[in-house]
Amino acid sequence: SSPQLVCVNDYEKKAIGILDANARGYYQSGADDEQTLHDNVADFKKWRIRPKMMVDVSRVNLQTSLLGSNIAFPICIAPTASHKLAHPQGEIASALAARAMDTCFVLSTLATTSAQSLAESVPNSLKWYQLYITKNRNIAKEMVKRAETYGYKALVLTVDTPLLGTRRADVRNRYRLPPHLRMENFDGISALSTELNAKKKGSGLSIFTHEFFDQSVTWADIAWLKSITSLPVVVKGVLTAEDAEHAISAGVAAIIVSNHGARQLDGVSSTIMALSEVVRQVGGRVEVYVDGGVRTGTDILKALALGARAVFLGRPVLYALAVSGEQGVRDILTMLARELKLAMQLSGQTDVNDLSKDLVVHESRIARL
Amino acid sequence: SSPQLVCVNDYEKKAIGILDANARGYYQSGADDEQTLHDNVADFKKWRIRPKMMVDVSRVNLQTSLLGSNIAFPICIAPTASHKLAHPQGEIASALAARAMDTCFVLSTLATTSAQSLAESVPNSLKWYQLYITKNRNIAKEMVKRAETYGYKALVLTVDTPLLGTRRADVRNRYRLPPHLRMENFDGISALSTELNAKKKGSGLSIFTHEFFDQSVTWADIAWLKSITSLPVVVKGVLTAEDAEHAISAGVAAIIVSNHGARQLDGVSSTIMALSEVVRQVGGRVEVYVDGGVRTGTDILKALALGARAVFLGRPVLYALAVSGEQGVRDILTMLARELKLAMQLSGQTDVNDLSKDLVVHESRIARL
Amino acid sequence: SSPQLVCVNDYEKKAIGILDANARGYYQSGADDEQTLHDNVADFKKWRIRPKMMVDVSRVNLQTSLLGSNIAFPICIAPTASHKLAHPQGEIASALAARAMDTCFVLSTLATTSAQSLAESVPNSLKWYQLYITKNRNIAKEMVKRAETYGYKALVLTVDTPLLGTRRADVRNRYRLPPHLRMENFDGISALSTELNAKKKGSGLSIFTHEFFDQSVTWADIAWLKSITSLPVVVKGVLTAEDAEHAISAGVAAIIVSNHGARQLDGVSSTIMALSEVVRQVGGRVEVYVDGGVRTGTDILKALALGARAVFLGRPVLYALAVSGEQGVRDILTMLARELKLAMQLSGQTDVNDLSKDLVVHESRIARL
Amino acid sequence: SSPQLVCVNDYEKKAIGILDANARGYYQSGADDEQTLHDNVADFKKWRIRPKMMVDVSRVNLQTSLLGSNIAFPICIAPTASHKLAHPQGEIASALAARAMDTCFVLSTLATTSAQSLAESVPNSLKWYQLYITKNRNIAKEMVKRAETYGYKALVLTVDTPLLGTRRADVRNRYRLPPHLRMENFDGISALSTELNAKKKGSGLSIFTHEFFDQSVTWADIAWLKSITSLPVVVKGVLTAEDAEHAISAGVAAIIVSNHGARQLDGVSSTIMALSEVVRQVGGRVEVYVDGGVRTGTDILKALALGARAVFLGRPVLYALAVSGEQGVRDILTMLARELKLAMQLSGQTDVNDLSKDLVVHESRIARL
């Protein structure tokens, strides 16, 4: 009798009915007026696919690699905080799903599961660790060390968050983790949860970020990071050609075009619109991925055609987790992989690594064709 | 007391109230998010008519021909599966209406009436047969033989369906034919219905397509098709200049610009926007038709002005059939022919064969004129 | 307690509550899907005013002339059929209001008041007569003779109506005049009303048009019209540069850019968008006016800036008539003249005859400025 | 239980529930159809921010100056009439808030608090006086004298109001000040309130403006104004390059790009769209500010990037005043300053005086990048 879940948006709708106001507000909201939150999804629709018919699509390859590690399809899990708000098994459920589907899971610094316990519960899988640079560099340093120790294969440095953007729902809800949860990656490094929960007004996470994250970080600090680790550094949060160039000069291994799920600065470009600019500037020198608003197989097809090597999923994973834990996450990964495959077959494409820009056209050009 | 049916959309509204959820979902839905379903109709509105006044329009010619066969007006019936879901008389009612109005009817491979019984019930009329190339080539071969035997005048090869697009309503409804109906064109060739009905999850038609249609077909297979038949081959489902050129090289007699009623790959261009590109590439070498979203006389006027020789109707026929069988189909054909004639008279046009591109202008150009 | 009527749209809202379904449908509706009906109003908003500040606007001239006859302001009454559906005093009330305000009234061929009785009831005012060319030329000829006899100063030949556009409400309502009304201009020429009322299905007016109007008229017929009258000929219904040139070659005195209130061919350009094209082509050789969608003083300002010498009002007059007869029509004329004057003062303009194109800019150019 | 006020729009929503119809109508409404009222807010969203990541934003400077006077941030209070309609403490509350936050307050000629009593209640703060030029020049002259006497630092001459635009709510409500309030700046110069209240129909303020304001003022009158005062003259209401040039030639010290909160001439450009044109023309010769539709920190960031030195707030101040008097106004100033600071930090900007045009891009250019 409950309607079947046949697309990613069905998971969102169902999750919304399950999550409490605190978690729902935290997961759903974007910064300020949420213009970019809307655009992230809507701008995918502005690209039209130019399909090729009568191509032998009986065999389609979805396999690709991230920095040399193979993945079954170019759909990975973005770092998002606090999976245990969605499901008691939290990040472990998500990472188990990623492993089952043979794709990459990125653990957030702000996860409710520590890098260590995740690695112990989900060995033998491709895991990356997302990092923020903290005022107290020892915290970041210790996290990098743990990431290395527990087998994470890359550091994803998020560069768009010197401070937290204003998500109004969180301010209204005075968002904070419930008492039984904590940001476990800080265990043994810094006492957080008490401090955070003591605060009375506004978003607890915003107060935390203000206190812990370093607002003075520059591209030069990538050198520092590289000096303390042998892991490749992926920067997450680049939206312009200029910053892509800075990132390459700083020696990064890959770039994630991202606006943090439209949660930081409202009014920036959607990521699918920013992607072309970055890809053109990068010119193949490093790998480029994208996240933000990916909800269907055709979204992924378009992102790949515009030059992304893979896409990452934020909210869809959290919603799927809320709906049915590990199985939910498996389901949406399976669903999107199936949708991507079908979109390729219906547009005459046989290999995710061979999609090119002429597969799509921006709607503003169509009348002029 | 029931409101009169004065335009094609009135038939849709009425039919929606008559059809059961299974049929309604199957008829109405487009692929995925149904962006292209929306665009197919909406993009017609983006073209503005530039009418000529004070032309003698007391006599207007609507007659034209398809591959040499005369038709009373350039409005034909596209191949759509399963007419008996709409009305017990099914495809026969539709074909009788087409004959009465002196236009072309295309029978779908997936029809609920066999090519033979349709031809016997509706002799002396212009009928084409729509074909899918099956994995087991003997099925397609036998269908071609029957089409020839029973007097079909062309083969319409649908090239946009190596697999079925995802129509979410069908997945939710586990769409399948009710037990008293079957795809009669497979009678005596392959046992289908049982197999199909045995399946439990998702769209039965999608499962069927996956099993029976050949995903490895290429333009080279047109040569094979031409080698087994003397009928002209019309390809249905071309959306780009490149594929139009492939089709011509392969020796087709005509091209239908179509996106399968937006049921295959969501995010492709509407057909009225794709039409110009194909027409320019074809340059008169073969006939070009269009289907998708045609709902009014001015839609048809615009399609013809942009270079289509005729338009084909999908859903409107099914809705009219549901409302009042053969008479309903006659009614909408009459209505559209009348609307087309009036649109010509009000824009100073006297012959459907003489409409030219300067009759229309895209809205994006108007401010610049 | 009833809300005050402070703008033209207030009259529409109020009239809608007063008129019966037959009249309401007839007055409100546009052709087919009513896209152009929407655009006629909406496209005015796409032009932005570039105001000049600090101009002495203590004295503003609204006076101008139509073909040499002075009018108090460039806002006139377009020919519309059947004013008695709105108010028992019908066309006489409207013409009295026009006289009181010192502007031009155009009587429709299809008026419910004859040219004679209108002229007798409203002497000493500027009146024009709108003409359709009838199959039986004697009808038109007799009408022209009467127009001359009763002091009409110009013939407005409507060129966009060889047949009536499809207004769906009228088809549904089987629109016809109620028994106590008739098209009095046919009195003594041709027996109409019975015939018209005898018909059973569809719009009575459409049937009538089909039977009486000549579908074979061409620009050459202007010569015939000029041969039987000394009155200047104004053509109403031109939308393109090409037809403007034809009209000038045929010797017309003025052109009304009009799409018949979007009641003929749906999908043509709004009149405010067509105006520029016609004005450019005409290059001052004849006077150019515009009607369609004029609802505010800034609409009028824009039309004049884009080259119209005056605007004509269709529906607003009928709605005002329905609300309060002659006084209502006076009110909206006063209101619009006041709004125009204020718009001029707030944009630094002092004479309606001096408005120029640089006063406005199309929204599509603004980002490029 | 009452939802928290977390953004400027929350104050509007709350104020709407507090104000009576007369005041609400007066504060909210824009001219005529309120197209420009909508655009003032919406057009900010058409500019996208191009953020720079990894910039040291630990220290951000918001301080700037207006004509040499320092202010804590580039967010000032525009002149708006009748603050006592919102709160008994009226303009004094607003000015106290401005002083507390160290920014500029502009007193309206039509204030419900006199220049003198405001200055006495709020000494030691940056105050400007907004002026209209009256038919009886002695009124304006006396006002200028008082502004000088009581320490106002500039005269803001509003150039867009030779007459009042039509705000329909005010016409419907017969808007006028309640008996216990008066426009105190006219005390001892001219008797107003009785006269105004005696009138029966339409907007009382409109009648007043018509009688008192001089409709014949031109740019030449700036010379007169400069001849009677040593205060710098700021013109408010410029929307085009031409008028910016006139203003500079006339010797103004600064220009406020403004359309009077869309209350004068509907259909003019939004101020954020007009800003670029004016800034380009001015080329740094005088300071340029902007008001209209500023509601968020990113709006301010965009305005500054497009060349404004500061923004002014109209309605937000009135709404905040209605919600909680001086504290409310402090709150929104604090909120916007915080939002601006965060927007700068998230876009890699460290000084409000260094923002440049490449920080933003118009949405119409993005597809072309």
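Chains: A, B, C and D, in written order; residue numbering restarts at 1 for each.
Definition applied: a residue touches a chain if its C-beta (ideal position, glycine included) is under 8 Å from a C-beta of that chain, and two chains touch if they have at least 3 such contacts.
Here the structure is a predicted model, which means the values were calculated and not measured.
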Next on the checklist: Rounded to the nearest 5 degrees, how far is subunit B rotated relative to subunit C when their C-alpha atoms are superposed?
Outcome noted: 90
Checklist entry - Interface overlap for subunit A and subunit D, more than half of numbers shared or less than half: same or different? => result different
Checklist outcome for this item: In whole angstrom, the CA-centroid distance of subunit A from subunit B equals 42
Checklist entry - So what's the Cα centroid distance for subunit B and subunit D, whole Å? => result 59
Checklist entry - Considering subunit A alone, which of its residues make contact with at least two other chains? => result none
Checklist outcome for this item: Residue positions on subunit B within touch of subunit A in the complex are 32-33, 35, 46, 159-160, 162-163, 165-166, 168, 171-172, 214-219, 221, 237-240, 242-243, 246, 264-269, 273, 276-277, 362, 364-365
Checklist entry - Once bound in the complex, which stretches of subunit D touch subunit A? => result 3-4, 6-7, 45, 47-58, 296-298, 302, 339, 342-343, 345-347, 361, 366-369
